[in-house]
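Pasting the structures here.
Common to both upcoming complexes is chain A, partnered first by chain B, then by chain C.
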Partner chain A sequence: MNKTEYLTKLTNELGHMPYGDVKDIIGSIEEHFEEGMNEGRSEEEIAESLGDPKELAAEFKDGVKFKQIMKKRKMSDNFKGPDGRGRIFVVVFNAFVGIEMWLILLAAIVAAFMFLAGDAGIAGVIVAAIVMGKITEFLVPFIFLVLTLVCIAVFLVVLLILGIKYYIKGLKAYIRWNKNVWNYGLGED
Partner chain B sequence: MEKKDIKVLITGAVALFLACFLGIITLALFAIKLGGKAMEYDWKGAFGQVSEQVQDIGD
Partner chain C sequence: MCVLALLEKSDSYGYDLAGSLARKVEVADGTVYPILRKLASEGVVSTYLQESQNGPPRKYYHLTDAGRNKLNAEREEWIKFCGEVNEILEGETGGKADE
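For the complex of A and B:
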């Protein structure tokens, strides 16, 4: 795969990322190609050293910078094999911190969802009572109560949208970090 | 954080602010209404009735 083919594939894989970010990424990859070619390497060799454009794009989508990716590549190229400490760390860390932390966050999301359901239920009952003419004496305070509940519902929806999005994103990155530590250890001594 | 997320976050912050603001107004309105009700209530009559009942039990 030559430079143009590699960049086209990478651009396609980057897909929905903001235009400015894609431009920066392509710029840094082009720079990398130029540096490599100045050292006498061919476009194909450089493209091969960069790896699958799909995997590279996935790392960029997770917010990893190009320098970090190249540092990781160098580390894995020089890697002589796992020494077992990384694996012990993954097991112990997940047993006492990792899994608990993700479960607590999941419980918070479930709790927010239940709050939202309760909030919508109460608001619905009050609206139904107002429409059916059951509430006459405290009409104005109840209308304000419904408005308050609607605002709380909007806040909870926002909390859930962002919470779920970043929970999934964070969990994916966490699993990848675990895999990395499991396979390559904790890094240099 | 993406621009879209920041917009969503701002919506949430505005909703939270409005919820607090409207919540305080709601509480005040309920307090005013219940206060009015309490003022109208015939406390003397109610307590008088209880006093009579207590007196009857005593007798």
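For the complex of A and C:
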């Protein structure tokens, strides 16, 4: 593993850490590489001695977790019963914006699946016609239509795979955010 | 604690600390960085940048007064603990020979 690969892997493993922290960490590891290379060591050698980037990231995240625990403890110290405004906000926001937003996204995904199913149906009919040897002048434009549809379908499948992945990710983050507001209020004060 | 002890002698930078630590204890070179970060966030070490003859400026770590106090307290505790463990171990080997 060379320097770039190591730093990329470390950045990925650090994941959701604030940008400033990641920049700081990557900076110090980059400095480590440069010092080592000044001594004539190879990038691979230095990466090897630094240890698994995944484990290193976990150690960095432990420090962050510690900070978060302290912050949470501080929050719960100030915490005098559930924040009424926070809870009202969660209910109102979900009723008027949140749930609708996720339903619309879900509907878009379902619609895409239905389009794919319809596409497959038309393609099936055409293929069946060809197999049975019933190619007529009438069918030729339809074949072009199906080819276009297949292209759109392939594009849609890619989009769907990405879409579903981010939909689930987003939904999880959204639920977490709701929980936080519900438990700790909006955190304005 | 080991990192604090290394910094007690003189200020140092990450690469040097990683080397000194990895030479004595069997840990990966990278391990020192999360420790330094945590120590910095606790305020027991402070950092400053200093130019080096060749290459980029180095981030130096300095033991603060709070760090010195922490180190002394931990060192005392560690030495006491080791003494107690040694007593137990020596007591067992030198004592009854039934097991």
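In this section, the second predicted complex is superposed on the first by the 101 of 189 C-alpha atoms of A that agree within 3 Å, B and C clash if a C-alpha of one lies under 4 Å from a C-alpha of the other, contacts with A are read in each partner's own complex, and residues count from 1 in each chain.
Criterion: a contact is a pair of C-beta atoms (placed from the backbone, for glycine too) under 8 Å apart; a residue touches a chain by one contact, two chains touch by 3 or more.
Bear in mind that the values here come from a model prediction, so they are computed numbers and not experimental data.
Of the two partner chains, chain B is the only one that A:Leu162 touches; chain C does not reach it. When chain B and chain C are set side by side, the one touching more residues of chain A is C. Residue contacts after overlaying the shared chain place A:Gly36 against chain C, while chain B stays out of touching range.
Touch criterion met: A:Leu56 reaches chain C, while chain B stays clear of it. Once chain A of one complex is fitted onto chain A of the other, the partner contacts of A:Ile152 are limited to chain B, with no touch recorded for chain C.
Those residues of chain A that touch chain B in the complex are listed here as 18, 137-138, 140-141, 144-145, 147-148, 151-152, 154-155, 158-159, 161-162, 165.
Chain A makes touch with chain C in their complex at residues 24-25, 28-29, 31-32, 34-36, 38, 46, 49-52, 55-56, 59-60, 62-63, 66-67. For chain B in complex with chain A, the touching residues are 2-3, 5, 8-9, 11-12, 15-16, 18-19, 22-23, 25-26, 29-30, 33.
Chain contact summary for the complex, chain C toward chain A: residues 13-15, 18, 22, 28-31, 33-34, 36-38, 41, 54-56, 58-59.
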